[in-house]
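Below: a set of structures, written as structure tokens.
First chain A sits with chain B, and in the next complex the same chain sits with chain C.
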Partner chain A sequence: MKDEVTREERIDNLKGMGCSRKRVEDARFTQGKGNYVDDIKLDGMLFGDFVRSPYAHARIKSIDTAAALKVPGVLAVLTAADLEPLGLHWMPTLAGDKQMVLADGKVLFQGQEVAYVVAEDRYAAADGIEAVEVDYEELTVLVNPFESLQSDIILREDLVAEDGSIPAGAHGPRKHHNHIFTWDAGDKLPTEEVIANAEVVAEESMYYHRTHPCPLETCGCVASMDKVNGKLTLWGTFQAPHAIRTVVSLISGIEEHNIRVVSPDIGGGFGNKVGAYPGYVCSVVASIVTGKPVKWIEDRMDNLMTTAFARDYHMTGKISATKDGKITGLKCHVTADHGGFDACADPTKFPAGFMNICTGSYDIPTAYLEVDGVYTNKAPGGVSYRCSFRVTEAVYFIERMIEVLAIELNMDSAELRRINFIKKEQFPYTAALGWEYDSGDYHTAWDKALKTVDYDGLRAEQTKRVEDFKAGKTRTLMGIGLSFFTEIVGAGPVKNCDILGLGMFDSCEIRIHPTGSAIARLGTISQGQGHATTFAQILASEIGLPADSITVEEGDTDTAPYGLGTYGSRSTPVAGAATAMAGRKIRAKAQMIAAYLLEVHDNDVEFDVDRFIVKGAPEKFKTMKEIAFAAYNQAIPGIEPGLEAVSYYDPPNMTYPFGAYVCVMDIDVDTGVTEIRRFYALDDCGTRINPMIIEGQVHGGLTEALAVALGQEIAYDDMGNCKTGTLMDFFLPTAWEVPNYETDFTVTPSPHHPIGAKGVGESPHVGGVPCFSNAVQDAFRPFGNRHTNMPHDHWRIWKMANELGLHD
Partner chain B sequence: MSNKMHIKLNVNGKDEEFLAEPRELLIYTLRERLNITGPHIGCETSHCGACTVTIDGKSVKSCTMFAAQASGKSVTTVEGIGGPDALHPLQEAFKEHHGLQCGYCTPGMIIRAQKLLEEIPNPSEEEIRFGMSGNICRCTGYQNIVKSIQAAAAEMNAAKEAAE
Partner chain C sequence: MIPAAFEYYRPQDMAGVFAILQEHGDDARVMAGGHSLIPMMKLRMADVPHLIDLQDVGGMSDVTIVSHEVRIGAMVTQADIIDNTELTAVVPILREAALQIADPQVRYMGTVGGNIANGDPGNDMPGLMQCMDATFTLVGPNGERGVQARDFYEAAYITAREDDEILTAVTIPLHSGGYAYEKQKRKIGDYATAAAAVQITKDNGSCASAAIAMTNLSDTPVYSEAAGVALVGGTLDDTSLKASVAAMLNDIDPTEDNRGPIAFKKHVAGVILRRAIERAWSRT
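On to the complex of A and B.
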């Protein structure tokens, strides 16, 4: 048989790895036919919503639900007293703490869930909420973690023994009744000694403010208890549906096989949808009580005020170096504000996430990190907002410390970075705080970035601008923001990464259909990343069937293999690896079938794009499509019928994507208005699966970084009132504020990942925040600015200029 | 509440007539009463634009308009401008240029962009960015949304020219 199609055409037909395949998800989304949780409608479905606390710290003297129960359409009102007999008035958090599902005698933050009203529709639920009478006794509010650690006021009486002693918490001894844990990494005394004897030391304190992932779709769920079959179905905005199933089973006592958790289309997650929230528990209980499906959907204010904040790290650093700029040591202390409950979403053994990646991209021989977690009267959370666990905080810290050290050394910070980068030949590199970086080529990336933007030319222009400013010729300053980041993603190896005891492996199951198409199911869940498009591309290259013939399905725990979900850029590093490995199992069986069909020995055939060929005789071949059919219609001696495979992949290491970013910004000194003139982003995420999707991820991550650096925050007043509960106050950039970005790349594959991919979704956020912030700070460096805290909104930049005497 | 109002709407070319409380929001009518779930709820304060629809030729955020206020008017949602048999050029362009990720803002984006291109058939990038600034996207950083709208405008203008 003569093959009319060239090998290149066969490769193109697969739409495999490396091509900018258009997304298969888009048809439904562009036509308004997505299926998000709030689109789910079931017969007789009820609607639940919360009575929330107006106070940040108060004792609850009484709750009267009588009037609410008389409101037309209201069916039930749940309080902690109703949940207590079921043992569901508290629930475990992902961080080893516990959290009230409904206020048990007191409230610890504004917006806390006090009662759950179940009604026929949203309007009736709102009427019911109005009619619930709660009598509060206000208590002194602690919103500052440093004051909290000194205060006599006990926020969590449940964590103090009857004799007044402080029992240890999930992460070891506690120093004070409002203290949660101390966690450290590295060598304390050697680091202090190096710093004490160093030629140059730079010190700085910085506050990485509290913010929020704020996906456009809020959190929500629909719980439906089928009392006839004893089966609970829970649809919801879950970034980790299997973990939710296990948690629901553990806390409800319903056997896991009787629980089906489904994540439908998810309207963005960014970390907000990793945790378990009281709304899920109350909806399940309400469905059991009423025998009807119950829906709960947050409104925007609920979302911003109560579910899963991010950051809130007070960081103090010391960095030491020789006179010529070689870094010798780094010390970091963090006071971490966790709010009223410790509901951080981190692997169990890492209560401060991977903050110990804070030595960054630099060869720093000695380092020490210590983190103290503290309770305050703020909302619980502490999720990784578009980053791996606390990596944004770590990268911001080191990239600011580098700038401060450059000021101390009177040196250019691009050069300071260059002379301290870990060298290409040092990989795999074990950092002072313990991680083993898999691969990197930092100098090449940095040189490419600086050359592309004409760094020297930019600095010359900036010098001229400063002269003009001093001469009164302009009121606009120019900032050049630099950042070089190394991420740590793909959690992670089961030996050190678990959540609630569940190892952080991931999975893929593939079934090849007789006619040569396939379905692949994964333990992850897309929230916009385009998994249905990209995972099919990995498979197309691995098994030689066109991506267009492969359906990718995620999010239904009844059908998908167990996995830990999508966050921390773990889908490609972990589930992507599982996909490739499952594909290779398919290929191994296909090889035996092909050899049988071609009447040669197994070792005499080899895989070639979309077929197995006889070695040395490529005209003799069987396509994967033919092999698939044979797997179902022939009795092949020694081989079971069918063509399926499953892989559970436990990664041997994390992956370490990196990148070099440059931002050029003009700042009006009199208004504080910033204008981003240029933003160049070079990302190295290892092997690239779909360049179009990578670029899209970079644009989006940079925009979320712009938001955080230039204005987005969750702010509280002294009474613990959240001042940023609506999109009026909480900054989300529009098309008008956002620049066009230039994207670029280098490719340094991960040596331990089956396809060399490292993950990219979060890199631009991690690298972007310090880059935007450094641009603002750099503009004011010639006038004495050393460090100013984010967010750099117009008013704060005006204030910065004012404090530096630039309005005099 | 029993003081229901008699409301008539034309939604995507179809006449609808029903009784509703005066407080019923248009987004609720569309999503819950009429099962038109393209428009989404994102903020309930008119900031995000996920609920954008066209009412009598104007872009309106349906989360802050009562159904009663729309009575007697024509409402168009993303479902009304194109479907599986004939996609609107904007629907094609968003897919072609990766103008969406999670898809939650997309129906609002597309219906707003359709209005924008009616108002300004050949907009500059600045006009697109300003004209779309009532619609928030958390995923794309807007760069590819702008590109998608530019591509759709070019496509629609070329088709118009060919027809003339």
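On to the complex of A and C.
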């Protein structure tokens, strides 16, 4: 048979790895044909919604539901008293704490769930909520974690023994009734010694403010208990559907095979949809009680004020160096404000996530990190907002400490970074705080970045600008923001990563159809990352069938293999690896079939793009399509019919993507208005599966970084009232506020990942926040700024200028 | 974010509006574009058991331009203002300001009348109307009257309009000279941190007249006569600009909120006014 297409064309036809294949999801999303939780409509479906506390700290003296039950359309009102007999008035959190499902005698944050009104529609539910009468006795509010640690006021009476002693928590001994845990890493005494004897030490305290992932689609679910077959179906905005199934089974007692959890299309997650929320539990209970499906959907204020926040880290650091800038030691202490319950979503052994990546991209011989978690009267959460567990905090910390050290040394911070980078030949590199970095080539990336932006030219321009400013010729300063980050993603090796005891492997199951198309099912769930596009590309390259002939399905626990879901940039490192490995199993079987069909020995055929060829005789081949057909329809001695494979992948290590970012900003000293003139982002995420999707992820992550650095926050007043509960005050940038981004890359594959890919969805956020912040701070460096906390919104920048005496 | 139950009316003429207003008194309210009122109802900060939609009441959507003034119907939307080239030719500041209100989606619905009648100090049209010395036409069951924009605002959400009166139109005298509407906001779609409306005329190289109004810096828009007077007769050198800013700062009374503390707002108000004056002057 004469082959008319060239090998190049055959490669192109697959649309495999490395090609900017258009997103297959977009046809439905751009035509309003997505299927989100709130699109689910079932016969007889009811709506549930919460009575929420107006107070941040109060005792509940009574709840009167009589008037609410009289509101037309209201069917039931659940309170903690109703859930208690089922043992469901409290639920376990992902961090080993427990959280009230409905207020059990008191409330600990504004917006806390107090009662759950079930009604025929959401309008009746809203009216029912108005009619529930709750008698509160206000208590003293603690919004500051440092005050909380000193206060006599006990926030969590449930965590204090009757004799007044304080039992240990999930992460060891607690120092005070409002203290949650102390967690540390590294060597304390040696680090202190190095710092005490150092030639130069820079010290700084910084507050990484509380913010929120704010996905466009809020959290919600539909619970449907079929009383005839005893099966519970739960549709929801879950970033980890299998984990939710297991948790629901554990707390409800319903056997796991009788629970089906489905994550339909999800409109963004960014960490907000990892945890378990009272809305899920109440909806399940309401469905069991009423025998009807029950829907719960947050509105924007519910989402911003009550479901998982991010950050809220008070960090103090010391960094030491030699006179010529070689870093010798790093010490970091964090006071972590976790709100009323510890509901952080972190692997069990890491109550502060991977904050111990805070030595960053630098060869720092000695380091010590200590984190204290504290209860306050704020909403619970502490999730990884577009980052791997607490990595944004870690990278912000080190990238600010580098700048502060550069000031102390009177040195250029680009150069300070360069002389301290871990060198290419040092990989795999074991950092002082324990992690083993898989691969990197930081110097090449840094040099490329600085050269592309003409760093020296920018500095010269900035010097000129400062002169002009001092001469009264301009009121605009120029800031050059630098950041170099190393992420730690792909949680993770089961030996050190689990959530609630569930190992953090992931999975892929592939079924090849007789005509040569396929379906792949994974344990992850896309929330906009484009898995249906990229995972098909991995498979196309591995098994030689066109990506367009491969369906990728996720999110239904009845059909998908068990996996831990999508967050922390783990999908490509873990499920992507499982996909490649499952593909290789398919290929191994295909090789035997091909050899049989070609009448040669197994070892005499080799894989070539979309076929197996006889070694040395490429005109003799069987395409994967032909092989698939034969697998089902031809009796092959010694080989089972069918062509399927499943792989559960437990990664040997994390992956460590990195990048070099530069931001050039102009700042109006009088109004605090910033203008981003240029943003350059070089990302190294290892092997690149789909450059277009990478670019999209980088744009999205940078935009969320801009938001956090320049204004996005969850702020409270002294009474614990949330001041930023709507999108008027919570900054969500639009196309208008976003600059043009220049993207670039280097490729340093991960040595342990089957295809060398590292994950990219979160890198731009992790690297972006310090870059934007450093640009602001750099503009004021010539006038004496050392460190100023984010967010850098107009008035805070104005304040910075004002305090530096730049207004007359 | 679900409003309390309400009755919805869509009368076809003014008589129908008055009949409902009379029957339900305080419990009834008119709605124009709904982009201030509906959010308040959803937050349950406004309770409107009887909601009267003005969309089908005719006669309030015209823009009439005559030699010395323009008359803009209350139901003309902010988007209409932006698109109306004839209007822009004679009152360019209207378009400059409308483009800085909210975002395109809101501007397609939000009306000039609603923006003016609302009484929210954050609205941009009131200060603009004060700067241009507009007159508001109010029609009630007992007839029609005109109120000067500069006399209309009493406190936040409290205006000279009686509950049973409808704002039907605004009349704006035509100005010669330069103009500017300068606004600082945190992001697209945001209300002003500070905004300034300036109309200015020049005669023989010096300032002949100046009208200045400020937005979102008090519980009402602030027409600062003194700030305008400070410019008249001068050539807008640094001294007169400073005097004008100082006079304006005397008239405003900002409060602290998420946009920033009082000292910041005052500082920005001064910067914004200065820029507005300079831009207006450059256009004379």
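The criterion applied here is as follows: the second predicted complex is superposed on the first by the 808 of 808 C-alpha atoms of A that agree within 3 Å, B and C clash if a C-alpha of one lies under 4 Å from a C-alpha of the other, contacts with A are read in each partner's own complex, and residues count from 1 in each chain.
What we mean here is this: a residue touches a chain if its C-beta (ideal position, glycine included) is under 8 Å from a C-beta of that chain, and two chains touch if they have at least 3 such contacts.
All figures in this text were calculated on a predicted structure; none of them were measured in a lab.
Trainee: Could you say whether A:39 touches chain B, chain C, both of them, or neither, answering first, second, both or neither?
Mentor: The answer is first: A:39 touches chain B but not chain C.
Trainee: Check the residue A:798 against both partner chains and state whether it touches chain B (first), chain C (second), both, or neither.
Mentor: Second partner only, chain C.
Trainee: Of the two partner chains, chain B (first) and chain C (second), which one does A:731 touch, if any: first, second, both, or neither?
Mentor: In the superposition, A:731 touches chain C alone.
Trainee: Would you mind checking which one, chain B or chain C, touches more residues on chain A?
Mentor: B
Trainee: Between chain B (first) and chain C (second), which, if any, makes contact with A:300: first, second, both or neither?
Mentor: both
Trainee: Quick one: classify A:122 as touching chain B (first), chain C (second), both or neither.
Mentor: both
Trainee: Output check: A:217 vs chain B and chain C. Expected answer is one of first, second, both, neither. What do you get?
Mentor: Only chain B is touched by A:217; chain C is not.
Trainee: In the superposed view, which residues of chain A touch chain B and also chain C?
Mentor: In chain A, positions 122-123, 299-300, 728, 734, 736 sit in both the chain B and chain C interfaces.
Trainee: Can you list the residues on chain B that touch chain A in the complex?
Mentor: Those residues of chain B that touch chain A are 21, 23-24, 28, 31-32, 35-45, 47-48, 50, 77-79, 82-84, 87, 90-91, 94-96, 98, 100-107, 110, 128-130, 132-146.
Trainee: Residue numbers of chain A touching chain C in their complex, please.
Mentor: Residues 122-123, 126-127, 130, 299-301, 670-673, 711, 715, 723-724, 728-729, 731, 733-734, 736-737, 793-795, 798-799, 802, 807.
Trainee: Name, in rising order, each residue of chain C that touches chain A in their complex.
Mentor: My answer: residues 1-2, 4-5, 44, 103, 184, 186-191, 193, 258-261, 263-264, 267-268, 271-272.
Trainee: Within their complex, state which residues of chain A touch chain B.
Mentor: 22-23, 25-34, 36, 38-39, 41, 121-123, 214-218, 265-268, 270, 297, 299-300, 527-530, 692-693, 695-696, 699-704, 726-728, 732, 734-736, 738, 740-741
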